[in-house]
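For reference, the structure is listed below as structure tokens.
By written order: A, B, C and D. Residues from 1 in each chain.
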């Protein structure tokens, strides 16, 4: 789950980090009042879960409160990568002497948190990684010991030569790691971490993604979720315990298991079709989930055919069959439904489907071809 | 032959009295797995009833279960909030092989659990994995026994049902398996493709290997490089997620393309560069294996 | 630094532990009022840094508020192992179904915290260790992982058979370990940890010693020190950075280095004398420390002779000599001073001493013999 | 010969710009120790002036110092609040031998520092120790060079000045030393009596060992048992604290008698039972050693 910049900064401040001040607003008049507090010399930043805010025009500098207001007017309501901007963060302009980068995430290979810093901050770190990989310094943190002081100090030395700034940088790196661990984050990032003209080291941007698997035990963080920032179908799927990703095609897919779901999408494409979605109903046998899945798929007007691909293991085929029958009773489904079922309780499932007038294949290849043909 | 476990492996089930734990324990026992103990804190002293009147003693702790039954492998069916602790308990009790089926364990919990497992010399399979089945010998986890058959193929996969799909085709094509291993769909897993390849390489019964990968991470690339360098039996590959968009988590916590790394194209190229033939459809896998084995 | 029971219980409560209620009072009237709140059915316990409070009569049960008051009168002002009782802790009586023990300290051999539990609680654990060592269960906690849930649950199983009590016990053991680590303790102990007749698990006693080396970074804990509970000379020595322990003899000893100081005491005894104290002036060369040392030694009326034994390394002999001369100017010292000096700046030291009329030997054996002779 | 270190050992001094660090660095250099680097965070790039115009580069981190100078031992003169971190930094930089002179380090800090040192394969001497001197070769720590002389005796001690007292007698009696090691007066120390005995046993130059113990703990008993079992050169012992009362900390954090364990009587008995002759006065030590060596 992604946090907004202003939310991430609150977590940073709670850890004692030096972060530039800022206030959030949802309308341009309020932005003007906030900007007046800083003589109008502010930066107005779209609060939206998307990278490339700057390139999209979602970050604007103002020299007067009036400019700040008109910047806010331009940004609020703007769409960035399909997401509407509902809030902006207003912060005083800082005089920037240098810009660095600091981030932390969990590395798959070492199975440890890895801190990354670069003296090349304020730019897309992915680009730095590609164009100048030596400019990124990595440190694996042994989870048994946590981040040790000499490690933070060592990393800070890659960013700052001045001893006082290096010490401040080390403190901020340690606080970044602390925020990461104590909030169950999957990623935490400061870009840029600046030295001001006056020599202070300051985080002026913040990005934190929380590990969804941590949210059950962190209700205060779970409550930070911004429902407006989420695709309606993805939100509903999440609430129903389904994994769903919207795609561009017209073959609605409903599969049990993430790997098989991806393979099904791939096969649709391979056969000349276009999948409308990724949808994993998971392992549990529950007709209700199948109903919810069908509701989500059919809500997409682009869907021309619905493809079920079920390999029964824990998932019982009869439960899926019951869900399909139940859903067709509850909601009007115009698109044809093509079903592949095999595995646990397959025979019973076929009987249930046959009673309701559905046939089901056993071969994934054949059924996918059929679905693609029907999507035409 | 088999890898990691065999018919002599003595299994303790953590979370044996839970809904999933009890169901799959009975399935495992029905397949022939030697389930010697169960663990549920607070329920020590009870007896778990398996199929055919078989009875399994339940203990409060893994240490007790090991002391009393000599269990040397564990399967963890424990809810995500407690699953990392359960793995740590098993490792701390010096269980050499721990399968964790649980999905949804916090990643930072797993950094600690994997560290302890390394310190204690335990191999963890998973988490978020279907387990391992050695056809005709034993099964630890949730892979359905009826879709496998003994034979010369080793199978390694990051997914569950896609594995079943592939195994199903192999078995119907008369290509039985030494072992089918689901290594799990999480970003941090205890047993990698390479670990499994090493084990299959050392198993005289395995004559060909199937590797079923997916988007996210670079584990398939590493495995391909290792196989290219070290393996003298044929490998057939498959990668799921060619149509997945970048930046989106495709169900599995580990199945996410970030930056240019982790795409299906990269992985397919790595396979092919190392002499691994890549199936474009799951149903092609068995034909490629048959071809590789000269059948 | 030892905490009083009531202070230790506050740390336990802050960690969320189930601890029996209680209130501290310094006079018997207040004890009566407190006892009334619990129908007079209370236990009155001396708050003093000494074991064996019960055997010394410092723990009394009352059935009425009047009894509580008279118990408090008996206890307050009592001396236990030489320490005056200034405060009592009043707690309601609990119906005890079983008594267990739980404690944690750092083990020298494994270099880890070690938790110890025993179902034989409420008695001296040293006695249990001697008479029935198998009744004590030990667990080494790997400091890299801390106490893991299964470990606490495993230990609790040695104390409680009932699953609910075992869970409560595991929680308390985990909280005990947390108190130990988070407060920089050298020892933390619950004796007894009881199950009440109603089945609740409860800590009804508490003992915590803090690592003196942690206090510099824990001012709130350092402030818990009870100056009244400390020997005056030991308190002054501590404040001056000296290590001092009062003994029974008449040869006042002033030595640099703990090992040499012990060896000097031993040699005094070996030569037929009795040391009056252990005193290590430490390694730093500081005349002021020598003055403070002489003030502390001479404050003991039993001292008949003062013995200096200095092996100069970091310690500069001339600094010690200056301190001796300075002290004899500032304070009246009646006891003869016998000095052994060797090592760094020895010659300069002898000159300084000679100018002030002191001689100094070079042999530890000879000087100690002389001191013992003078102590007569 | 010597143990742990010798004239080729390349030393980095942590806290070289501090009061104690700078003083003792000059002392060490004057004795002949190869001090190749210093570390003080925030003071990297400076130069430390040793005796006779020798100059030592100062670095911000131990890792830099190791990378640039090949240091293979460290001496820590860092205030107690930061000393455990300094040891961890040295261990993390894979320094194989770390001497910590600092007194007063929190014990729980040291549980973590010792754990990391073990994980990284570093030997820690101390903390709260005077260090090690190999007469005529090198000194790491604060043992005064003028009281030692080369010769056949190995000396191990928990204390500082008492060690000097004993060495002084040995040297004056013509009994030089292969190495004098102060293992430290704290309860948790990285190098034990037994570790030193093993090293002396492997050193062909050491013909007799002196062990100077004190009250508290059971390290002397373990050492005595080890010597009785494994050592074929004579050992002479001394125990300080025969007159110490129980329950009182005698200066050293480790010198406290708790329960019946750790008394001077127990330790003396353990020495004698294992053929170790025990001196009752420091001045007797040299005579017992001379006797044991047949001089």
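Convention: a contact is a pair of C-beta atoms (placed from the backbone, for glycine too) under 8 Å apart; a residue touches a chain by one contact, two chains touch by 3 or more.
What you are looking at is a predicted structure, and each value in this text was computed from that prediction instead of being measured.
Contact count check for B-C and A-B (C-beta pairs in contact): higher for A-B. Distance between chain centres (mean CA atoms), chain B to chain D: 51 Å.
For the pair chain A and chain D, the distance between C-alpha centroids works out to 55 Å.
Taking the mean of the C-alpha atoms as each chain's centre, chain A and chain B sit 28 Å apart.
Residue positions of chain D with contacts to 2 or more other chains are 112, 115, 119. For chain C, residues touching at least two other chains, in rising order: 144-145.
With chains as nodes and touching pairs as edges, the resulting graph is of another kind, matching none of line, ring, star or complete. Across the whole structure, chains are in contact as follows: A-B, A-C, A-D, B-C, C-D.
In the complex of the two chains, the chain B residues touching chain C come out as 41-44, 60-63, 82, 85-86, 88-89, 92, 112, 115-116, 119.
The touching residues of chain C, when paired with chain A in their complex, are 144-145. The residues of chain B lying in touch with chain A in their complex are 20, 80-81, 103-108, 110-112, 114-115, 119, 130, 142-144, 147, 157-165, 168, 185, 187-188, 212, 214-215, 217-219, 238, 240-245, 248-255, 259-260, 264, 280-283.
Here chain A touches chain D in the complex through residues 144-145, 148-151, 153-154, 157, 163, 166-167, going by the rule given at the top.
Chain C meets chain D in the complex at residues 106, 108-109, 111-113, 126, 129-130, 142-144, 181, 184, 186, 211, 213-214, 216-217, 243, 245, 247, 255-263, 265-270, 275, 278, 280, 283, 311-315, 342-344, 363-365.
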